[in-house]
Structures are given as structure tokens and as C-alpha cells.
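Structures are listed in the sections that come next.
In the two assemblies presented below, chain A is common to both, partnered first by chain B and then by chain C.
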Partner chain A sequence: MDNNSPELDTIFLAFADSTRRAVLRRLGDGPASVSDLAAPFDMALPPFMKHIRTLENAGLITTEKVGRVRTCELNPEKYAAVEDWLKEQRQQWASRYRKLDQLLKQLKEKDK
Partner chain B sequence: MDNNSPELDTIFLAFADSTRRAVLRRLGDGPASVSDLAAPFDMALPPFMKHIRTLENAGLITTEKVGRVRTCELNPEKYAAVEDWLKEQRQQWASRYRKLDQLLKQLKEKDK
Partner chain C sequence: MKPDLHFSFQTDMQSNRLTIRREFDAPKDLVWDCYTKAELLDQWFAPEPFTAKTKSMAFEEGGHWHFAMVDPDGNEHWVRFDYKSITPKDGYRAQDAFSDANGSINRDMPVSTWDVTFEDASPRTLVQINSTYETPEALQEVIDMGMKEGMEATLSGLDRLLAKLS
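== the complex of A and B ==
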């Protein structure tokens, strides 16, 4: 995903909250209803629903309402975008350290 | 790092902006002065400095002022916390899929 992608903004923003991270972790065990997800938190339903919507807008989860129950499910594919971005950063440093290593070797050769 | 860690909040928040991600990418090539980092952006210095401070507060970069020049440097160690968190999530899904696989096998055995 492009570094400028607004999608990365919404994903990282969704990760930047411990309640939302806890919901994602819970959904890693399988789908769950909003009320089950909300149970461990000392939080009214409207602010909790806001967290759910933030996760849904970021594409990290999907939700489906059947009757009066809204069920949430994790969408692991979105994590790949973040992992790719982190991997690119790592590759960049690795390439820089290789270049510094080469430079150091050249300087040592000159000293001999 | 603990899922509830406020440190993860500040790191993910720092990542949730394309200007800050671009600064991190540039710093992957080596240290740079704030004015060099700001050059590619059509942005006044005060809002740009705010981005720099957000990255510094998250521990993703360190800065040092010598004379009138503030130089920024990447702190790759902080990325490890994010990578660990993502890895934990992946391991959780993997464990869930293994359990589902086993369940499917058991159901198939029963059918025989």
C-alpha cells in the first residue's frame, strides 16, 4: 500500500486505542456479538458502538445485523497492509546498514 | 508490550498520518535536519514541528539541537513493539485455525 494511503491513516488510527485493540484480540478467537464484546468494558453502548464503527470503517472488522443482534468478525486481510508497510521500513534500514558496512570495509582496506 | 499499553496508543497515532510516515521513511536513509525534512512539504514550520514532536513523543525518533540546527534520527527499536503486537495477533488466528482444522478432521472421522 502506498505510504500516502488514507487507508493506512484509518487503520493506524483504529489501532491507537486499547479498547479497540482488546476487541480485535477477542475477535481473533472468532466472531462475537456487540453485546458480548462490550461486556468486559465499563462503557455505555453508544461510545462502544463508536469504537466498533471505527474498526469497521478501517476495514479491520465486518459486522452483520440479524434480527436485533449485530455480530462482528475480524478481517485479517487488512493487517497485511500494515505488515507490508513495516516490512518496507525494515528493508530500507537493512539496505542502509549494508551500505554503511561496505563503506566501513572500504575505509579499513584503505588503512591497510 | 501489553495490549493496554498507552505506549502503543502513541506509536499507532504517530503512524496515522502520511506526513509523519514520509518523515519516518526519509529518516530510514539516515539522520536529517528538520529543515531538510520539511523541504518536500508545502507546510509552515510550526505544524511541521508538531509532527516532529509527535514522532519524538512516541519514541520513534530522537532529536538533538546543535547551534541552530535540530537533527532527527530514527529509533528502529520502537517498531519492534508494533511488530510484536501484530505477531501476537497472527499467532492467535493461527491457533484458532488449527483448532478449527482439528474440529473439521474429527467431524470427518465421525462421518466415516
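== the complex of A and C ==
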């Protein structure tokens, strides 16, 4: 991945909103039309479409218009970038804490 | 070491927060010392392959810990923790920032606030760290940097391997 990762910026902004996260969760169950996705939200269509576009620009979803219906689908590859970072963080903490386990063990033995 | 020590790592994107919870097989006093004394912090605080090296430490409200994460090539990445509030043996709040070798905070880099709590779960101790960034943008920046550093660490590891092989 590119070092500056502009892609990741848009991905994280896309995640940083509860409506967009709900849409992503819903799309986890399979493709859906914009009107189906909008139904649970008390929101006019134009602002809802803005959320859809943010998700699309981040590459998290793809959309396709057939006739008058626009269908959205999840793009699972894009999740990988965020997941990689979180995995890395988790590993760093696990690594630190393995060292701390060792240190605590030594200190306890010294105390005896 | 017991294999069943609880460890959880969670992200709350909405509040730009990472939560790390971990159990330790030691009494609270000892765990507290490991988090608050420089000579002990130096022995564990940097994840592999880094080592931590303290330049100065004043664990008191208004004081700070200034240290470097040193990579295997000897490159120093300076960090400064400013202690905002301390409740002895129970927890502390600190600001985590990047700095230079003189201890000046780099204001261009994202800063996070750490809330650390220590809970007696006799004979174990449960430690929770909440690391909160001010904005989603700040969290993104850290992620971008982390990815860059990860890449550099991988590349320098490759350099060493190649040097060994040639």
C-alpha cells in the first residue's frame, strides 16, 4: 500500500458515522437497493445518498443503477487495510504484554 | 505464564478510541510499579523488535516521561507522556505525544489521551487502557504513520537479512 495512504483516510471517514456503519453492516448480509437501505433511517433521500457516495468514494461499496433502481454491494477488499492496522496494533500490545509477563514473573521470584 | 490471561483489544470508531484490557498474573502493587517506574518500563514498554530507553521520568501530576523507542538499527523514535492526574495504585491519565530528543512535543502529530486503570482481581490484576484521539482525522493520521513505519521496519529487516546473506 502507498505510504501516504490517502485511501485509508477516506475509509476511516467512511467508518466514522453511525448511519454509514449501519449501511455497511446491512450490506454484510448481501446487496441491497438504496431505497431498502434508506428505509430504517428517518432521513430524506438526498442526505442519505450523500452517505452512499461517501462509502462509494472510499471504495467500501460499489453501486450499479439498473433502470430506476440503484443497487449497492460491499467491497470486502477495502476492509483489509483497516483490519491490517488494527491487527498490527493488537500484535504490538500482545508483544509488549508478553515482555511484561516475563518481567512480573522475575519480580515475583525476587520477592520470594 | 498462564495461557488463559484475559486479553482484549477493541476499537470504537465513533469515539476514536482504542481499548486494551489485559490480566496479569501478579499483585496490583507490582503491576503498578511496572507501569510507573522508568527502570521497569524500559524492560517492557516497547514491542518487539524495539527497546524502550528512558531519558527522564517524573511520575507525578504535571510531570512527564520522556523516552525513545529504539529500533534494531539504533534509530530513536521519541515519545513523551505527560501525567495529568494520578490516583496511586488505581490509575492515571496521561497525554501521549510524539516528541524530539529534547522533549519538545511535536504539535503536528496526533496526540492521544490515555486513561489507565488497575483493578484488583486477586491473585491477578486487570489493567485497562483507553487511548482516545480527539478526532477521526487524528486517528487516521496515526494509522497512516503506523502503516508507513511498519513498512519501513519490514524494509530495514529485509536490509539486515540481505546483508547477512551477501
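Operating definition for what follows: the second predicted complex is superposed on the first by the 93 of 112 C-alpha atoms of A that agree within 3 Å, B and C clash if a C-alpha of one lies under 4 Å from a C-alpha of the other, contacts with A are read in each partner's own complex, and residues count from 1 in each chain.
Keep in mind that, in the parts below, a residue touches a chain if its C-beta (ideal position, glycine included) is under 8 Å from a C-beta of that chain, and two chains touch if they have at least 3 such contacts.
What you are looking at is a predicted structure, and each value in this text was computed from that prediction instead of being measured.
K.L.:
Output check: A:103 vs chain B and chain C. Expected answer is one of first, second, both, neither. What do you get?
P.N.:
second
K.L.:
Report for A:76: first if it touches chain B alone, second if chain C alone, otherwise both or neither.
P.N.:
Touch partner of A:76: chain B, not chain C.
K.L.:
Tell me which partner A:29 touches in the superposition: chain B (first), chain C (second), both or neither.
P.N.:
Touch status of A:29: first partner only.
K.L.:
Output check: A:49 vs chain B and chain C. Expected answer is one of first, second, both, neither. What do you get?
P.N.:
A:49 contacts neither chain B nor chain C.
K.L.:
Contacts for A:92 in the overlay, against chain B (first) and chain C (second): which applies, first, second, both or neither?
P.N.:
The answer is both, since A:92 touches chain B and chain C.
K.L.:
Which chain A residues come up in both lists, the one for chain B and the one for chain C?
P.N.:
Shared contact residues on chain A: 3-5, 8-9, 12-13, 15-16, 18, 21, 82, 85-86, 89-90, 92-93, 96.
K.L.:
Going by the contact rule at the top, pick out the chain C residues touching chain A in the complex.
P.N.:
Touch list, chain C to chain A: 1, 5, 7, 9, 11, 13-14, 16, 18, 20, 22, 24-26, 30-31, 33-34, 40, 43-48, 136-137, 139-140, 143-144, 146-148, 150-151.
K.L.:
Contact residues on chain B for chain A in the complex?
P.N.:
3-6, 8-10, 12-13, 15-18, 21-22, 24-25, 28-30, 74, 76, 79, 82-83, 85-86, 89-90, 92-93, 96
K.L.:
Show which residues of chain A lie in contact with chain C when the two form their complex.
P.N.:
1, 3-5, 8-9, 12-13, 15-16, 18, 21, 82, 84-86, 88-97, 99-105, 107-108, 111
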